[in-house]
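Quick notes on the structure that follows.
Order of writing sets the labels: A, B, C, D and E. Residues in every chain begin at 1.
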Amino acid sequence: MNLLDFSNSIEGYLLVSSILLTLGIFSVLTRKNAIGILLGVELILNAAGINFVAFSKFHSAAIDGQMVTLFIILIAAAEAAVALAIILRFYRLKQTIDADEASLLRN
Amino acid sequence: MAQSCLWIVALPLTAFVIQALVGKRLPRQGDWVSVLAILGSFALATPIFLKLLATGAVHETLQFNWMVMPGVDAVSNSPILNKAVTLTVGVLVNNLTAIMLFMVTLCASLIHIFSTGYMHGESRYHLFFAYISLFSAGMLGLVISDNLLTLFMCWEVMGLCSYLLIGFYYQKLSANNASLKAFMTTRVGDVMFFLGICGLYYVFGTSNLSQIYEGIKTGVGSDVTLLGIPALAFIGFMLMMGTIGKSAQFPLQVWLPDAMEGPTPVSALIHAATMVAAGVFLLVRTYPVLEAAKVVLPVIATVGALTAFLAACIALVQVDIKKVLAYSTISQLGFMVLGMGVGSFAPGFMHVITHACFKACLFLASGSVIHSVHTQDMREMGGLRSKMPITFLTMFIATLAIAGVPGFSGFVSKDRILGDALAYGMTHPSQMWIPVLGFITAGLTAFYMFRLIFMTFFGHARDEHKHHHAHESPITMTFPLMVLAALSFAIVFAGPTGIHSVDANLLPIHWFDHALDHVKTEMGVQGLHASEEVEHHAHSLAMIVSLVVAGLGIFLSALTYLKKVISAAAFEKALKPVHTLLWNKYYFDDLYIKVVIQKLFLPLTVLMAKFDDKVVDHIFVDGWAKVAMVLKSVIAKFDDVVVDKLAVDGSGTVVSAGGWVLRQFQTGKVQQYLILTFIVFGMLLFYMTR
Amino acid sequence: MAQLPILSLMTFIPLLGMFVILALPKGKPNMVRWASVIFTGIPLLLGIWLYFNFDRTTAAVQFVERVSWIKAFNIEYYMGIDGLSVPMVLLTVLLSFLCVFASWGIEKGVKGYYAMFLFLEAGMMGVFCALDFFLFFIFWEVMLLPMYFLIGIWGGKDKVYAAIKFFLYTLAGSVLMLLAMLAMYYYSEPHTFDLLALAQNHTQFLNKTVTLFGAQYALDKILWIGLFIGFAIKVPIWPFHTWLPWAHVEAPTAVSVILAGVLLKMGTYGLLRMNYPIFPEATLWASTAMMILGVINIIYGAFCAMAQKDLKKLVAYSSVSHMGYVIMGMASFTTAGVNGAVMQMFNHGTSTAMLFLLVGVAYDRVHHRWIIKPDGSKGFGGIASVVPVYTGMMAIALFASLGLPGLSGFISEALVFLGTFSNPKYQSYVVVGSLGILLGAAYLLWMFMRVFLGPLNEEHKDMTDMNWREKLTLLPLCVLVIVLGVYPMPVLNLMGPTLAKLLSALGVA
Amino acid sequence: MTNGMKWILLIAELLTVGSALIVAINPNILYSAVFLLFSFLGIAVMYLFAGADFLAGVQVVVYVGGVTILILFAIMLTQWLYRLKLKDIGSKFVVPGVVLALGLVPFLHRGLTQLGKMVQAAPPEKMAEFAASPKTAMIGKALLTNYVLPFEAVTILLLGALVGAVWLARPKA
Amino acid sequence: MLVSLKAFAPELTLVGFLSLLFLLDGFVPKLRENRFPLIWVIVSCFAAGVATAVGKGLSGDFFSGLVTETGLVAFFRYFFFFACGVTAYVTLGSKEIEERGRSEFSLLILCMTFGMSLMVLANHFLMLYIGIETVSIISFVLAGFNRESSRSNEASFKYLVYGAVSSGLMIYGISLVYGYTGALSYPAIAEALIKNNGTHPFVFYLALVMIYAGFAYKISSFPFHFWTPDVYEGSPTPVATFFSVGPKAAGFGALLHFVLTALSQKQEGGVFTPIAGIQLAPVMALISAATMVVGNLSAIAQTNVKRMLAFSSIAHVGYVLMGFVVMTPAAFSSIIFYLIAYCAMNLGAFWIVGIVTDEKKGSELSDFKGMGWRTPVMGVCMAIFLFSLTGIPLFSGFIGKFLIFGNLIQSQSYLWLALLGVLNSVVSLYYYTKILRAMWLEKPESSDSAELRLPLSQLVGLLGLALPTVILGLFFSPVLEMAQRWITQ
């Protein structure tokens, strides 16, 4: 299978989604910046979204998967809104958004 | 008769209760209660004794169920021994009992009377009488017991009284030490005695003496083993240990001299006449078992001989009048035990009785002396003969008895023991040293007893002041002396001289022998194993030798202490090491107290307690916290703050280490949490998809 | 009269008392005290009635009350007593009643104290009366709660540590018991918690295995061990004993009395109630181990007691030693041994109670308990001359404790030794164990000498002798100790048939 | 599908992956955020090719137009004021992050290859037909029939998120 | 459709009240100044409970199979409404929630309750995901409800990161399942799995573990528990109270539902058997063991009571997970019983922590010193709750453990887990008694040893939670029977 066909196959989509998932997790784990962590989360969610859309087409050829992706997008947006509100509040309280600084609560 | 025996015990017991509870508030602090009680006992004991004299034998028993524990018959080969158990208690009145009862009540009565005089004005006067009443009850109970359990109970009650009375002057440290020592030392023997009872119970299924006698006669237990040795031998040794403890035999003799810390009547009653003799009485009561055990008797003989000799040697150098008597008691008890060991059953028992009378007399007389001169040191006495004539006379008679002078009771019993011992030695030549030691001891006895008499009553007064104040004691004290002195004549027990061949022609009074013969058949005692010829020969020889050694002893004593021909001091100097050895009682006390107890035992207890505190408690429980602490200090370099926090919280639990480790993961950094999560998540993935 | 639920009354009247006391107005301590007297007195009276109406000829359980409680699990409210429980029940009501008086001097939180105390009594009664394992377990655990607070609030210097240690240890034991209980329930057919039924069908636990950590074990042995550890901690059997010195020492006097007098007995009671009849084979299998532990307890406890400088700690360790006799007697499998063991449970209850009460009396006056103070100076010394009655009482208590014939301790020890010695398997243990008698005398008398005899320590020359309340508290125990020492049948005949049945059940195995 | 189209898809996929890589490893958070936008765009194209035209639109509107912009605002609000922290990779979690992310790869690889093989089952014509059909109407219909409940439920979520975000964002009066 | 609405009536009631509150708040801003919103929450919870009771008996799938109605669902609804109502009641007396925020607070907890209901109702992954996200997102806000407190904000932030990642993993896992089976509703998945005849592909397990991440985070099971202590400690106490009971139970309900319908086959007689080849027991046993151990051991070293109780709540999750090891109807009913018991005692314990926090401005152990003597009723109640949490008989917590351990033993396997469980309860005693020690065994600082009078409402409330704790400990069979009915319906 050549690269072009691969790109339009389920494997192609899955490969993209898995890379996104991996990178998302990597981001979440390594970013010091709280917003950076949020970016990672968005990557993970999009990875899942790609999967649903891909399966929706290649597997069942039904709309269910797309519906899920739709809701994922909606929820991700809501989550992002809340997350940013929290991060801004974080910034206002600590004058930084370094995730490491959130360590008052420990042990 | 058996009923009245119960009353004999009950009377002093009642007196004890009354005295202990309300004695202080009674007139004269209630001494009359105790005296009346013991006199009552005496009055009750006399008819029994008279019956023995009249008929030659008494025998009556009375039994009650004491403890009843139902069970069922065991399935054979079952590990469960659930037979029903019934422990009975009761009274066994036989000739031995009758004699002992009479002797004990008599001595006790006299000593009670003596005490009213001697203890007059002491604090805790009522308690003194309470204790000796309790003691009397114990002793009498022991005598009438038909089984070893109650015998043991009474035995221990006497031990308790002994403890209480030795420590009567409880504010004196030495008295306390002495009482503790007495109690603990005898208890060593007691515990073993109890094991012996357990053994008897195991072998015979009962502790009833009559049943045990029957069992021995039918050969029960001869093939039973216990802890790998023949059961009877085990039992025999254990019973012997009981005797060794109670009768202050080697090697547990250390307590008796110290017991002299108690008031003198106590020494007379408990540590001379009755309680210590109870040890020998135990041997008498269980003699069939000892005989059946075979190996035990020679050991007993050895113990007796050694004790008799060693104690006599110590008595030579003592200067405390009561200590001399104490060692003499040990020595005489040694004779009795020796007698038992060589099979001299009747004479051994006779010596118990004769010794009780003359030793009580000696002690009371010494008490009288002490009462009058307020010292126990013989070096401060002297020349009291004129000041205290009755005391002197009675004591002198008793001394003649103990020294083995013919015509006095001591001669009768001791001579017979020595004769039997000699016969035993002749039959077993390897054991010849036993009679030899016995004869030497007899000589030593004569020597030190006369030394006592000479130092106390003869010569000039060494302490004028004390001598000046000395006076004869009141009648309450001298009356018992006179009675006891009267009982020190041979005629009470045998003929007027005590020499068998002579007496047989003079005045044949052989009630004691008859009584004991009857007992021997009743119990199935065999006695001495020696041919008649040997026995006869030995007895003749023994009499001569004992007369010689006694005479020699008295003679040398007179030379040394009366005439001062021989210088005691010079001897002392010449034999300095021996003297030191004897003065320090062969270092037995040091061995026991300084080495065994202080160096071994107490450190062991401390070690044990430390072990409990530090190891069992801490390692098992708090130790984990220590592990955590160590772990912590290793990791401390990485995270100071955490450590600081933990140091505050030194919780001592098994799991705090785990808790602490886990806390290290809770860093508060959310990404680290995620990393940890993912690590485990990966493991989970691996596990699930493997 | 037989219809009266007497056991429930005895159990729940103290509980009722607890609520009544909590409802009493504040600031009236005497009212609280007298209320406690009433609410412990009624069970005592009932106990006396029980004593006279208990049928001594049968091994069957009596005064049975049986109501279905939780149907789903076949749990019943099943109370009843047999010869094994009766002595313990009597001991409980008696000591509880006396302890109310012994606690008279408590000033802090009187209401709470007595409420907890009554709660404790209810728990103890329940343990001895329950014949359903679930019910038993509830009472067993419930007892811990008041105990924790009694030690923790009204205790001595290290009370907090002592309380938690006690609580943790006992809980650790009882959770194992919980597992064993559940296993017994689920492995029995039909599922039941009824102890008597379980004992009846004890063969159903045989020849089954359980898997634990990948290995196979015999079911009955595993369960036996689970129960045993639970009870051993309570007894306490070495090496589970380390809570005991702490708890005993730190607890207030009355609680020490209850601890030593009643709680320790629960362990041995449990062994006899459960391990013996329900797992006879495993019991036989473990008998030597029990015997060894018993002997260790005797010797070890005695040695530790010897080295103590604190009077109360000494008494505490003496309990360890004395409970060793119980274990020894139990493991001997002889009539005399087992009877002696149960007798010893009762007798130790009275004599140790006396000792603790007496230690408390001294502590109330001089506020320390040192035989030798930590700095090496004398704690007491020669107080016999200032407190003669106290000394006399103490003498009786400690002579009873050291097994002096004529006092109760001797009877039980003698029976234990006689019994154990008549089992050829264990004779050597008796020889070693007998050392305990010797040591017992040694540490107690040595203590007596250092505390009461000798020259008077001037510090204590103003010590007052026992007052009437204290004397009356001790008197019943004193009488019991002496009477039972001379004639033990009043207690012995209560338990005879039951123990005979228990043993024969073992024998059938 | 023509090769040209396939090329576009391939480029979109490469764009998605490449941008995501930059998002993950670029030390500058601002660049990361911007490249996230490109990644989202690429995903939108992928959606388009997978027959999810409506979703592609939503992706662009919500993510590109909404979320990313929001994020950029947030970055500016916070980072602009303190430039020091723009470079924020290099924390101590990098090594474990790399290890863990790589550790996931074999699992994902195995699982997804397996899955990819299984999924081939759907007939291509049906797939093509599905891809070609306009989704807006279908989705609209689904939202009012089968998916009415999630549709309504998510409003509650949004309401909550709205109220919450406002509460958090609003300064104390 | 109408039937569907009827089945959904309790949630609709909730939504109705919620919207009304939103409107009222908009029109009458003054309302938020008093306690009206909180009382409104209580009323709405009550109404929703009544609606549940009225709609009882409906069962089956509704809304095109997206949700399902079973006895279990009914139980969890009652549970959530009760927990929410109690939380509102607790908040009435709490000073930690800003007065001005009462309206928002009320709205949010109602939203969250709605989400929790959805989680349990869900018969379809989409609904599950929406439910979980609703609960999560609102939880983030609630955790950070004290806007001006760094701790609260930090709790919120950590919760957010953790929650987002976990739910991201979950949805990815769901996508894999979708790809594998082509279905999203539980029964359809079960059907697909049954066809495998016992051998499931690798990807299924991969997906299962990822999905478990979502549940595990919600119930805070090991290894997804790390957020719990930090979040509980940082959140306002009433919020932590709610967190420790509500979402946790919702997670369990959803997991239970998922396991029963997607991973099990229902046999006749209401018995569930796992689909062939799905061996959850060994891994569940490991997770349960690890959760217990981690929770209990970590709690030991804590000095902050709230944090300690957070760890303790983790430990309790471990106990409940034991029920999943056995997977019998009896085990599931034990789980339900445990949750009921846990609800009362944990709400009570947290409530008391809240009261103390209000009084002393902190929840350190030292703040609890002598509190028992200052307010005996509260002290006694706390003792009851804590002993119950330990699992001491007489209290419901014991019965919960009794049932759970009993199931393990009855199954005759995993005895080591039971052993570990009981030993853990011993460990737990250690730290629970630390609190009691402070409250009863230690003296209050002299400065504030005065009697602390609690308002009647709090006394009534505490007793209202303590009484069931005791009663359930003695007479548990009615509730247990009810739980059995709920499970088999």
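To be clear about the criterion, a contact is a pair of C-beta atoms (placed from the backbone, for glycine too) under 8 Å apart; a residue touches a chain by one contact, two chains touch by 3 or more.
Everything numeric in this text was worked out from a predicted model, so none of it was measured.
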*Shared touching chains for subunit A and subunit D?*
B, E
*Any chance you could name the chains that touch subunit D and subunit E both?*
A, B
*Of all chains present, which has the mean Cα position farthest from that of subunit E?*
B
*Look at all chain centres (mean of CA atoms) and spot the one farthest from the centre of subunit A.*
B
*Chain closest to the middle, measuring from C-alpha centroids that were averaged per chain*: C
_Using the touch rule stated at the top, which two chains are linked by the largest number of C-beta contacts?_
A-D
*Between subunit A and subunit B, what is the separation of their C-alpha centroids in Å?*
95
*When the centre of a chain is set as the mean of its C-alpha atoms, what distance in Å lies between subunit A and subunit C?*
66
*Starting from the mean Cα coordinates of subunit B and subunit C, work out the distance between those two points in Å.*
36
_Could you work out how far the Cα centre of subunit B sits from that of subunit E, in whole Å?_
76
*Any chance you could list the residues of subunit C touching two or more other chains?*
168
*Per-residue multi-chain contacts in subunit A, two or more chains*: 21, 24-25, 28-31, 37-38, 40, 54-55, 59-60, 67, 71, 75, 78-79, 82, 85-87, 89, 99-100, 102-107
_Two or more partner chains touched - positions in subunit B_ = 653, 663, 666, 668, 670-671, 674-675, 678-679, 685, 689
*Touch relationships between chains, expressed as pairs*: A-B, A-D, A-E, B-C, B-D, B-E, C-E, D-E
*Where on subunit C does subunit B make contact in their complex?*
161, 165, 168, 238-239, 241-242, 245, 284, 287, 300, 303-304, 306-308, 333-336, 339, 382, 384-385, 392, 399, 404-406, 410-411, 414-415, 417-419, 421-425, 427-428, 430-431, 434-435, 437-438, 441-442, 445-446, 449, 452-456, 487-489, 492-493, 496-497, 499-500, 503-504, 506-508
_In the complex, subunit D residues that touch subunit E_ = 107-108, 110-112, 114-115, 118-119, 145-150, 153-154, 156-157, 159-161, 163-165, 167-168, 170, 172-173
*Once bound in the complex, which stretches of subunit A touch subunit E?*
17, 21, 24-25, 28, 34, 37-38, 40-41, 44-45, 47-48, 51-52, 54-55, 59-60, 64-65, 67-68, 71-72, 75, 78-79, 82-83, 85-87, 89-90, 93-94, 99, 102-107
_For a test of understanding, state which residues of subunit E touch subunit D in their complex under the given definition._
8, 15, 18, 22, 63-64, 66-67, 100-101, 104, 107-108, 111-112, 114-115, 118, 126-127, 130-131, 133-134, 137-138, 140-142, 144-145, 147-148, 156, 176, 179-180, 201-203, 206-207
*Which bits of subunit E are touching subunit B when the two form their complex?*
157-158, 161-162, 165, 202, 205-206, 208-209, 212-213, 222-224, 226-227, 229-230, 283, 286-287, 293-294, 296-301, 303, 427, 430
